[in-house]
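In this document, chain identifiers A, B, C, D and E correspond to the written order of the chains, with residue numbering beginning at 1 in each.
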Amino acid sequence: MTVGLPHYLVLAAMLFAAGIITVLTRRHAIGILMGIELMLNAANLNLVAFNRFSAVGKLDGQVFALFVIVIAAAEAAVALAIFLNFYNNFATVDVDQGNELKG
Amino acid sequence: MPTLLTLLLLVVALPLCGFAILLALGKRLGDPLGGYVGTGFSFAGFAAAVAAMAAWISSSYGFGYGVGPLVRSFAWLPIGEHAGQRVPGFLDFTIYVDSFTVVMLAMVTLISAVVHLYSLRYLRGDARTPIYFGRLSLFGFSMTGLLLSGTLLQLLVFWELVGLCSYLLIGYWNERRDARMAATKAFLTNRVGDVGFIIGLCLLVSFVGNTTLPDLWVMLSPTHQTAMSNGLLTLIGCLLFCGAIGKSAQFPLHTWLPDAMAGPTPVSALIHAATMVAAGVFLLIRIDPILTADARLFVVVIGAITIAIGSLCAIAQRDLKQALAFSTMAQLGYMVLGVGVGSRDGAGFHLLTHAFFKALLFLAAGVVIYGMHHKSRLEHYGGLFRRMPVTAIAFAIGALAMSATPYFSGYYSKELIVAHAAAWSQLAADSGRSGLWSLALWVPVIGAYLTPFYLTRLWMLTFTGRPRDLEAFEEAHEPGMLSFPLVVLSGLAVVSGFDWFPVRSMVDSSAVETRAQVSALTGPASPVNPLEHDWPSRVHLSMPDVETDTAPTSTEAGDDRVEAGAAQAAHLTHWAWLAGIIAGVVIYARGFALTERLARLSVLSAPREWLRHRMYFDDLYRWVFVGAARLAGRLIDRLDRRVIDGLIDRLALAYAALGRVTASADDLIVDGVVRGVSSGVLTSGLGVGQTQGGRVRVYVASAVLMLALTVIGTVAWAVLR
Amino acid sequence: MAAALFYIFAAITLVGAIGVVMAKHIVHAAVQLLVALLGMAGLYFLLDAEFLAAAQLVIYVGGTLVLIIFGVMLTSHLGTRLMRVGPGETAIAVLTGLGLLAAIVTAIIHTRFPTPPPSVEPDVTRRLGVSLLGDYLVPFEIASVLMLAVMIGAAYLARRRPKDAA
Amino acid sequence: MTGGIVQIPSASDWSAIGVETTLAATLVAVLIVPFFARSQRGVGLVALVGVLAAFGVTLLPASVSTGHSAFFGMLIADPAALLWRQVLLLFTAGVIGIWFGATSRAVPVGDAPEFMTLLISATLGLSLMGATSNLLLLLLAMELASMPSYVLAGFRKTKRHAAEASLKYVLFGAVCTAVTIYGLSLLYGSAGTLDLGHWITATRGAYTPAAIVGVFFVLAGLLFKISAVPAHFWCPDVFEGSHVDVAAFLSVASKGAGLLLLARLWDGASHFATPMVAGMAAVLGIVAVVTTAVGNLGALRQQSVKRILAYSSIAHAGYLLSAMAVLPAGRTSLLAYLVVYAVMNLGAFAVLAGVERAAGSDDVSAFDGLAARSPVAAVAMAVCLVSMVGLPPAAGFLVKWKIMSTLATAGGAWWWIVASVAINSIISLVYYAKILRAMFLRPSTVRQEPSRLITALASVCAVTLVLMLIAFAPLEQWAASAVFWQAPVQTP
Amino acid sequence: MELLRQNVLFVLVFLPLLGAAAVLPQRTGKSARWVALGVSIATLLLAGLLPLLFDSARAGPYGYDDVGGVVQLVRRLPWVPSIHAELLLGVDGLSLPLVLLTTFVFVLAIIASFKIEKQVQGYFALVLLLETGVLGTFLSLDLLLLFVFFELSLLPMYFLIGIWGGPRREYAAIKFFVYTFVGSIAILVALIGIYLKAGSFDLVRLPALLGDLAHTNPTLAMTLFGLLAFGFLVKLPIMPFHTWLPDAHVEAPTPISMILAAVLLKLGGYGLLRVAWPLFPEQALAAWPILAALAVISILAGALCAIGQADFKRLVAYSSVSHMGFVLLGIIAMTPASMAGAVFMMVAHGLTSAALFFVVGIIYDRVHHRQIARMGGVGATMPTYGRFASLFMFASLGLPGLCNFIGEILVLMGVFSAAKTGPVSAAVPAWAIYTVATAAAFGIVLTAGYMLWCLQRVFLGKPKEDTATLAPLDSRETLVLWPLAIAVVALGVLPWTLVLTLSDTTVAALLKVLS
């Protein structure tokens, strides 16, 4: 059996699931961010695989993936800055500690 | 004709002017002056009425005495003309004048004038006299307006207005609790009767679309095309009669009249003896043509019961005015019964004579009360003949007239009624009715025995014997200004029964005029005068369930019966009269002495208490109706506040609670569902005690969970499809 | 050969990913993430996306991951080990993840994606560059604005404020 | 379009991006100004001028287009995009006004340029969101809108609440973004194109399972921007934690952009009468109903006006989504409501900003006796709130009416949504009335009154609302004319 | 002249609004008062022109005057063209009496408000705004516009009760607001349904446009009618939707109570006559048993409730519930007399209830409570006042010669004749009509009961401690009482000339629509 599109897609889905689980099981803000990175990578894998197998001719998928990488970096930057700010105010990065706003 | 109409309108307008002036300037006019103004206007009204009467009798315009009534309609509330109302103009303003109206007008204005005059003295020194005379003038306006009314609606309007005046005048001394209670009671009791009147009126409007009197007579007669079933007509008749029950203090709405004596005595004389209370009878006479035999039976029963109650209670009253009030009730019962047994003329005649002698009695009683410093109980009186002879004689004349003493006015009128009652009961016997029907004769006859008895009692206890309250007796006096009206009325109480005096003749003539009017309305082309068989004649006999053409209701047969009845009645009432007077003299010759002794017999004390307490009707009504209304009011109010508002408030609470639960979508979904499911279901026991988790993570979890469920569901659906 | 490579890289990626999920220590997680990202880069090579593979290594591994580790170091002198959730929530999370995975996999299996004949075209990197300044000019510029905004924002937040200004 | 040659953008391409260009220039200007003048308000002024200039650009004839695509299908220039830009820019100008009136003096020295940079770059992203259906640009625009917003939410960085708000916002947002990107990748894969317009016309309403997953994932991201259930959780917390001007900005700009984007996509897709499309409509309807209910019920027990307005914005998202569900018929109502919603929210937030500045609290009790302190502001606030309830004499009544009548026209099960809107209006009355009561029925507790600028801004909003009721026709025509242009299907 | 005819209604409606705008910037309360008074008098004078411009003899169909219909002085301006909503004003015999009543009562209420000291400018601005809302409701012939004005009258009332009210004003204001808002929402939903089916908001043309809805979709028609009727019944109010009324009245300041009772309740009755009935006559017939039961319950239970009240103002408030039952009864009977009676009853009740609330206000100003039990003998300490009060109370209990009697008797006559003629007779068995009518007639006794009992306890007898020394009526109070007294008597004596001649042709036209 040759390795085709479904293989990549399933692998991406697994990564995505891993990302989701990571997000949902972490209280550490940066841990959550890592989960998000996993999800983004899953998307990227999809994009590249689709570009390779089902949308040949143009490089849309790869360009998209490139931008996603950029976005991921940007997001990480913003998120980390915010975590840092949170840490400055709460002295922790446990997101569960941020529960003063509610209702 | 213009003169006549002008005069009639003047009769109505003059008191209104008096009222307006007194209302506007009363305070400035002050005590005697305001009274003079009111009296002046009332005398002017009387003059106009007399002039109108003269004009009427000599009229030659196609209406007038013995010719026909004067009917004038003006559009007042032409509702629904554009909507194609079936009978247009059903809410017209109509003036209907026949001889009866004219003589009533004269009577009312006369007594009103006399009472005004009397009141000037009676109320001297009261700072509020302008108000009093203003209210009296308003009454004069309302009563005369009532008499001129040509439609039942208009009648109702003035009917209520006289009720208002009655309320205002009974409650004139409103600082007295009994006075203001009596006023309210009078108005409310009347309103109960009026509801019947109004319903009847509305039914009439609903079925024939008209309330104008002559039109009604025509339309409701059996041959007319809008004829209604007998049952419905009976119902309408009874309902309209309900109004009269209230206004004329008939059983069961009679309780207000004795209480109404809390008002000033001249007021009692004018309103609660002579005029307003008779308005019920006036109404009955007006609707007499449309009363069916069954309705008449109802009227007879009510009248008879009232005669019995009034006469019996009058015996036991210790208050002069109250006793007279019950006697008024009884006499009104006679009139009502008279209409019932078919003696429209007798009723009208008795109404007029009664007005004179009853006003006389009240005014005489007023002199006594005034002379005795407003003590009205018989215990304080005795031997007053010496102090106030004119009054005593006037009272005696009034009493004799009322007792149906031959050659006094009451004799003629009451005799007429009793004669018809005898004829009616004979008719009942002929058609195989039970003996109970003869009570229609026996009750008036027994009443005719009781009337002289209690009047003698009153006269004896007041004017003879030795004074029981010496202190008051010493100061007792009779001012001349109060005596003058007594003299006038005494004369009328005697003469008004005679044939040459324009009372009986006027009443009789009104029947002829009415007939002429009905003929005119149905038109000469009409083959049959709808009222031909039985009306109008002096005799109007009918019996429930008896076919009109077989029963002896034709004029001749009826006349025969009445002739026979009159003989029988004369026979009975003469003895009753004699027996009553003798019993009165014997029992009360020595004041209360004999009655006190008799009362010790327990057999007699119980009925005496029963009668003295007016047969406990008042207490019954207070318990049942007033109590019930207040209780219901309180209950419904509570219902309103507790239940309905409570429901609303509770809804609001539930709403808020719902808000609280759902508002915290976070709490519910997050801590409830997620944590609840996780800790409760999956790892039972762990979650609850755990430290409260953070929120944003759970937000994410909830959102992802919902998304996941949706996606899983949809994919499953899409794939399976 | 390609299949074998795929499975190797896939295994590396998955191991890294699962490592990230399971890691107890945040730094361990970061290391596992690095493994996963490296595996990904390998997969990109397999998919003829050499430039992307390089970008993955440079930007992701060299930039983002370093940033993350900086973050960890800046904030984690407190306890970092115990920041996990309770077993109940973990179960929910795992179930959610696996449920989603099942749904996605089912969807993928039941989907017939367009399969044009594969054509390997050369010059991927060059063509990428051209399209970034051609078709994708606007996104490219927008991305630059985004970077600017992010830079300013992140700098603003991370900057220490003078005491008196608070 | 082979990859070999770099194509040169034409003039019409540039006209499609005029607003964004202007905003970018403003961005630069804002960054440069501090070098010349260290005035906080100067920076604000520059930003305001820039935003207004961008609005001016929208009024140029060149900006008006019946619909064309630009930059190789990346952008769409059509009346709807223009309408959105105009609303957005005016609204942003209003937000800057709020900033002037309530925030500028409190901003620490040197922070204004950052604030304005972030605000304008977010505006740029939001503006683009309304003008694209390309998956990539769509994503970038969303991110450009989101990331500055994350920072803006925590802009008062020494405040614990602000830090918490931005943390929550960024985490929630990042997860949603990740989900969205994954969804976008699936969409890309299922038709091999990045242009969603093409994608929709190519699929013709029949979606593969993978595409369905993708659609839902993308929808999740859009619902996050719209703050609709289930992605609404962030909204109240972030509003409360961030400053009023930011909250105001998020309430309309962010939400509106999401709505417009969703409307653009859904408008194309809803033309096809397939079970899938019907199911999508049903999903949107359910989301709308639940969102409305959650928003209104959530607001009931709040004491913070900011939170009330946050929940109310969720509720309004629900109303808007109700109209969204019945696209294409609901387009006019949706856009008209969006316009009115922008005005009334701006007015309400302006007064809130003024009150919070004066009283130091956003609690309902801070509004006590506002009518006595500043009758004009109170009346303006009242008009805005009444408009939010959907009562005359404000335009909120007519636009809510339009939504309800549109739904009713659709008939059938949509009547349930009419009922939902009606019932929710009743519920919403309770919490709006709470503010009204505080303003008018309670004695005043503080002395200070909102600044003139705030009062003026709120009054302008109130007057506009009343005028829009009286002269509803122009508004309606504007909304009706704002059609979504659809690229013609290209044969491959 | 033509200019006047074209614009008079718009000017009339918006004149108070302009007045409100003029009142707000006044520097002193005093000038605000006089400006408000001036504006309201100007409005009254302008409204006084209407009977001159209005051709009451024109007997045409229920349509616009350009085709000879009864609706006159019509002016239409475009508003929301896409849904055919217009700024459409016009006047006919239903609205004209109510417009006259409104302008009249507002002048008196503003005079009565001269004592208000708190936030005077705002108060008078709101009162004038309210007047615009009410006049707009009465004069709008576009359903949507009518609804807008209907709602517009809601908010000022909320504030007027809530800011200037008594101790529990917040509760009362919010109760009033929420209650009537729920009703409004019902109306709004109905509005949508009507528009969808008819494609128009033109009230005069809607009956024709909706024509066969009753047959094509009876469920929808019934639902729409139910929603409309509910909305207006709450406003009327009819038991069991009435509980906002006593609270609102008790807490509202005197002039606001006057307006509330005299004018705002009429919005409900007017809505029924103008909207619910013409649009859905068949549904109205189908709902007859329920509506009739509600009307009778309102009449009787309202009166009984009034008997049970210890608070003077609550008593008067409940009397309103009872009287509004007569209005509903008159409307549902659908005969010329009953409809005329309902219209007249609205006007008459407007006068008597305004007067009675003012009477309550006068005594409240002096003794600072409203407990009947602690009053007594007021007639002796304030004779003129006592006389006025008695007049109004007798008017309220339906004494002939005063205005309420005409309304009650016409309604009763109309209901009885409904058993024989008109659409109701065909749909409802006669015994049911007679039962309802008879039960309603007994309301007259109960009305007399509570009014007289109250009169007796408050005005008669010896003065009690609280009422022993009272300041006599001042000139301002007399100025309010006299016009009301004159109107109460005049309408009782000349009901046709003053009111019903205006409404008769319209009622006739409306009845053609209904049957």
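Operating definition for what follows: a residue touches a chain if its C-beta (ideal position, glycine included) is under 8 Å from a C-beta of that chain, and two chains touch if they have at least 3 such contacts.
Owing to the predicted nature of the structure, the values given are computational and were not obtained by experimental measurement.
If you take the chains that touch subunit A and keep only those that also touch subunit C, what is left?
Touching subunit A and subunit C alike, sorted by label: B, D.
Taking each chain's centre as the average of its Cα atoms, which is closest to the average over all protein Cα atoms shown?
E
Using mean Cα positions as chain centres, tell me which chain lies farthest from subunit B.
Using the mean of the C-alpha atoms as each chain's centre, the farthest one from subunit B is C.
For which pair of chains is the number of C-beta contacts greatest?
Most contacting pair of chains: A-C.
What is the distance, in whole Å, between the centres of subunit A and subunit B, each centre taken as the mean of its C-alpha atoms?
96
Once you find the CA centre of subunit C and the CA centre of subunit E, what distance in Å lies between them?
It comes to 71 Å between the two C-alpha centres.
Per the centroid of Cα atoms for each chain, what is the distance between subunit D and subunit E, given in Å?
Averaging C-alpha atoms per chain gives centres 44 Å apart.
Could you tell me the distance, in whole angstrom, between the mean C-alpha positions of subunit A and subunit E?
66
Which residue numbers or ranges of subunit C touch two or more of the other chains?
Answer for subunit C, listing residues that touch two or more other chains: 85, 89, 92-93, 96, 100, 103-104, 106-108, 110, 113-114, 116, 127, 131, 136, 139, 143, 146, 150, 153-154, 156-157.
Counting only residues that touch at least two other chains, what does the list for subunit E look like?
Touching at least two other chains: none.
Give me the residue numbers in subunit A that touch at least two other chains, ranges are fine.
Residues 9, 16, 19-20, 23-24, 26-27, 32-33, 44, 49-50, 54-55, 58-59, 63, 67, 71, 74, 78, 81-83, 85, 94-95, 98-99, 101-103.
State which pairs of chains touch, listing all of them.
Touching chain pairs, listed by label, come out as A-B, A-C, A-D, B-C, B-D, B-E, C-D, D-E.
Could you please specify the touching residues of subunit B with respect to subunit E in the complex?
75-86, 153, 156-161, 164, 167, 171, 174-175, 177, 180-181, 183-184, 187-188, 191-192, 194-195, 198-199, 201-203, 205-207, 209, 629-630, 632-638, 640-641, 644-645, 648
So in the complex, the part of subunit D that touches subunit B is made up of which residues?
Residues 167-168, 171-172, 175-176, 179, 207, 209, 212-213, 216-217, 220, 229-231, 233-234, 237, 279, 283, 293-294, 297-302, 427, 430.
Would you mind writing out the residues of subunit B in touch with subunit A in their complex?
663-664, 666, 692-697, 700-701, 704
If we count contacts the way the header does, which residues on subunit C are in touch with subunit D in the complex?
103-104, 106-108, 110-114, 116, 127, 130-131, 133-139, 142-143, 145-146, 148-150, 152-154, 156-157, 161, 165-166
Can you tell me which positions in subunit C touch subunit A when the two form their complex?
Touching subunit A: residues 2-3, 6-7, 10, 13-14, 17-18, 20-21, 26, 29-30, 33, 36-37, 40, 43-44, 47-49, 51-52, 55-56, 59-60, 63-64, 67-68, 70-72, 74-76, 78, 80, 83-85, 89-90, 92-94, 96-98, 100-101, 104-105, 108-109, 113-119, 121, 124, 127-128, 131-132, 136, 139, 143, 146-147, 150-151, 153-158 of subunit C.
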